[in-house]
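Okay, so subunit A shows up in both of these, paired with subunit B first and subunit C after.
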Partner chain A sequence: MSLYARFLKFAQKHSVLPMIMIPVVLVGIGVNVFGSSLLLNVYTYFCVSLIMVLGLQMFMGNSGILNWVHIGFVGVGAYASGILSTAPMVKSMGVPNMFPALVELNMPVIPAIMIGGLVAALLAAIIGYPLMRLSDFVGVITLFATLIVFHVIMTQWDNVTNGPRTFFGVPEFTTLTVALIGALIALVVAYWFRESGLGLRLRASRDDRYAAMSIGIDVVRVRYYGFITSALVAGLAGGVWAHFITSFSPKAFYISEMFILLSMVVIGGSGSISGAFMGTTFVTIGRELLRQVEGTINNAHVLSFEVYGLTEAVMAILMIVILIWRPGGVVGGQELRWPLFKRNKPSVTKEVSDGV
Partner chain B sequence: MDLEFLINTLSLGSLYALLALGLVLVYGILKLVNFAYGEYIMIAGYGLYFSATVLHMPWWATMIFGVAAAVLTSYLTELAAFRPVRNKSANALIVTSFAVSIFLQNAVLILVSPRARAVQLPPIFSQTVNIAGATTPVRNLLIIGTTITVLILLSLLMKKTVLGMAMRAAADKFTTTRLMGVPANLVISAAFIISGLLAGIASIFWIGRSASVDPVTGAAPLLIAFIATVMGGMHSPTGAVVGGFVYGLLFNVLSITLPASMISYRDAFMFVIVVLFLLFRPEGIIKGGYTEERVG
Partner chain C sequence: MTMPMLTVENLMASYGVVRALHGVSLEVNEGELVALLGVNGAGKSTTLKSITGILRPVKGSITFLGTEITNRKPEWIVKQGLSLVPEGREIFGSLTVEENLRLGAFASYQRDRYKADLKEIFELFPILEERFSQPGGLLSGGEQQMLAIARAMMAHPKLLMLDEPSLGLSPAMTDGIFVLIKRLREMGSTILLVEQNAERALEIVDRAYLLANGEVDFAGTAEDLKRKVDIASVYFGGDDAAPCEVPL
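Our next item is the complex of A and B:
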């Protein structure tokens, strides 16, 4: 095989990355140059969501475990990064009960986000091992309960999080460029994870737990490493998000936000990076449109009541329809490949003979 | 032991057992962790609100109306959402139920109001009674009585009728049961209808404690049902009942023993205890047989 042919093969094998990254960057440049401030916000939010969704896909898509706690790790990252980087003056005003040692902390934003990710990963490492032993439905319910534990602690521990009240004054740092770079890094990391030996073993454990064990895969261990990696990405995403939104409360890291992330992963298809990307795109566009409709209806005062919750209700119906129609999501667990459409599909036997 | 504590624990345990039982009936057959279960309770609450506060029906009619609302919702969600995804992956089923839950919550939010609505209940729900020196609300005794009745009727249904036997068989080996000529749709619909019925009955007492209902009323009972079933054992109705009572006991013990400053962390403590317990006994208190099989 010539070097050129080898390069072509390599490029085609990994063509999913440029196929997602190039449009993301091009649209990003377009929005930055021509977009309104609303569009700029939406696109930044899209990029941050993409980081969170890719983190969720890394674990959920490869292991098949419905990871409810994901948004909790996003919250841990957001609070950690916020506490580390917010000016002591602002903190002593905004969070009157905060531990003095925490008030003193003040560091630049980038290391703060990094440490936020590490804190989330560390927490995942502490709680993950027992959780990863539980499979199926007990596992789902236990992870769900863990999210509630996270939420209870965030709303009650007012020495750290300001309790149920808003934590404000986080320095603004995340511009569109920062979010875009974050999303690109997350894409590479998620793809690398998927192609790595760990990702492969994780998928083996998803498809058949007992078969995976029988060929020597330590199912609990690969899940554990996957869980920590995913939590690290979630924590970093939380930090990036915190420096974009600048004030937040524990409500932002709970079931309704998890529903948005989950709808992104499910509608696109949790099995692949392309699915996570498509889902994030569709859901972001859909939600923005629905929100406009909701706002228009409420502002026009044609109805005697306000239609709160229209966006969520329609997204829920959409999600059910997708699950009935294509339970694997729009992409169906496949990655985008170049070329998108082949004129005549080569048969399986031909591919095998080519390989040999 | 203190009589008041005993009655409190028994009534709380009864309520939790009812909640858990409704969840486990559907889980047993469909292997579906139904996130929409809390919404049946919420819808029953709105049924009570409309019939009692808006339409001023007599109290017995409001109870029937509320329970019927839950049963109908449960059956309709089965028809519209769960039946088409039944033979898809387990995660697809769970996510569907989560989407159904979000949809019902927001539908109520749009159609009724985001604010809580007061529910008028018969005065007996707010009266107290004195038994051997212990003062207790009458509804605590009512719920113990109701739960005992429901449990007896349900076990008669499950043990003596053909439908009940079919349901138990389906929970054990669904494919084999179908080969015996039992229609799958009938068994699953029956499970959802009974699940809705139990949710409706539990809802009367759940709403009875606060006398108000709002779109997120379903979240707390759903969680209780989850934890109680996981703790008791997901594989049998007995496990659900045992789990409900154990959870009620744990809740009351923690309420008494935790210092006042820690009481707001009670839920977190509960879940940590449950998770620790599951580490040593992942199958719950009551073990079931081999049940890996899913409906396909």
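Our next item is the complex of A and C:
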């Protein structure tokens, strides 16, 4: 095979990355130059969501385990990064009960985000192993219970998180450019993870646990490593998000937010990063449009009551409809690929006669 | 006399309270093609599952190449060189043929030999080369069975165990699979074959064990078995599958 043909084959095999990254960058530049501040916010939020969703896809999509606790690790990353980088004076004012040692911490934003990711990964490493031994609905319900534990700790530990009250004063850092770069890195990492030996074993264990065991895959261990990697990305995403939103409370890391992330992964198709990307795009657009509709209806007072929650309800119905129509999500389990430009296709008739 | 490659002694296994094996003993020597025959529920697959560690035996011992492998984890047992092609063509349907084969190679860390191995596999199974980048789930039943066997071969097993490779295949495809198994044996592989299709299996194997109700009912060479046991009665006669002299 000539070098050029080999390059073509390689480029075709991995064509999903440029197919996603180039439009993301182009739209990002367009929004940055021409967009209103609202659009700028929406697109930044989209990029941050994309990091979270790709982190979720890395574990959930490849292992097939519905990972409810993902948003909890986002929260851990957000609080860790927020506590590390917020000015001591702001913290002593905003979080009166905080441990003095934590109040004194103060570091630049980038290392704070990094450490936030590591804290989330470390936590996943501590709690993950027993959880990964469970499969199917037993696994799902224990992960869900773990999310509740995370939430209770975040709302009650007011020496660290300010309890149920808002944690504010986090320095602003995440601009559109930062979020965009983060999303691009997350795309490469998630794709690389999926294609790596670990990702491949994880996908094999998703397809058939017993067959995976019978060819020598330690299912619990590959799940465990996948879970930690996913938590690392979640923690980093949490940090990036915290420096975008600047003030938040534990409510942001609970069921309704997790449902949005899940709908993004599931609508697009959890088996591929193309699916995660499409889902994030659809849900973000749908959500913003519905929010406008909701606002317009409420402001115009056409109805005798206000239609709060329209967005969530319609998104949920949309998810049901799409899953009936395409159970594997819009994209399905295979990555998008640039159409083949093959010259000598093997003849179909020969294949059929051989296959019998 | 050299030691057998695989020795199973007095193996007992159960599913919950239901005892499936009541003390099965068998041996496989290097280079042999041995069959494990019997009707549904005789304990054939249970025996294989116990050997590979997917099912924990209640009692008994399994020795492979002089090492006790009873109660070890399946992934450890595979690394000792013992590969199972599970019943029902358990390939990874959403992964491509290429990924399926790559997974087989992972088990034994033979990645430097991957390319050369692929070439060998393609010689044995040309269809897999054509289907290389398609998802395994899109392959026909026979092709999936070939993929499952190829995947196990990628790990260079010292002992290959096949669980009902002809199950659910067309007669023509079944012929193909049996020819292939014979060829693998001629190439020097040691194979433990589980089959319901006893008549076909006895044509190609060296020795066979006949299981009935979780016990070894008869053991011997293929010739012995053909001569001394009325195969038809095993499948149609239920319990009285006792060995009987067939008048010559």
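To be clear about the criterion, the second predicted complex is superposed on the first by the 339 of 356 C-alpha atoms of A that agree within 3 Å, B and C clash if a C-alpha of one lies under 4 Å from a C-alpha of the other, contacts with A are read in each partner's own complex, and residues count from 1 in each chain.
Keep in mind that, in the parts below, a contact is a pair of C-beta atoms (placed from the backbone, for glycine too) under 8 Å apart; a residue touches a chain by one contact, two chains touch by 3 or more.
Predicted model only: the values in this text are computed from it and were never measured.
Contacts of A:217 after superposition: subunit C is touched, whereas subunit B is not reached. Legend: residue contacts after superposition of the two complexes on their common chain; A:259 is shown touching subunit B, with no touch to subunit C. Within the superposed three-chain model, A:204 lies in touch with subunit C and out of touch with subunit B [touch as defined at top]. By the touch criterion defined above, A:22 reaches neither subunit B nor subunit C.
When the two complexes are overlaid on their common chain A, residue A:87 makes contact with neither subunit B nor subunit C. When the shared chain is aligned, no partner comes close enough to touch A:285: not subunit B, not subunit C. Taking subunit A as the reference chain, the count of touched residues is higher for B when subunit B and subunit C are set side by side. Residues of subunit A that touch subunit C in their complex: 197, 200-201, 203-204, 206-208, 210-218, 271, 333-334, 346, 351, 354-356. Those residues of subunit B whose C-beta lies close enough to touch subunit A in the complex are 27, 31, 33, 81, 84-85, 88-92, 94-96, 98-100, 102-103, 105-107, 109-110, 113-114, 219, 223, 226-227, 229-230, 234, 264-265, 267-268, 271-272, 274-276, 278-279, 282, 284. Taken together, the subunit C residues at the contact with subunit A in this complex read 52, 54, 73-75, 78-79, 83-84, 86, 90-95, 99, 102-104, 106-108, 126-127, 130, 135, 140, 142-143, 151-152, 155, 170, 172. Those residues of subunit A that touch subunit B in the shared complex are 64, 66, 130-131, 133-134, 136-138, 140-142, 144-146, 148-149, 152-153, 156, 255-256, 259, 262-263, 266, 270, 305, 307-310, 312-313, 315-317, 319-320, 323-324, 327.
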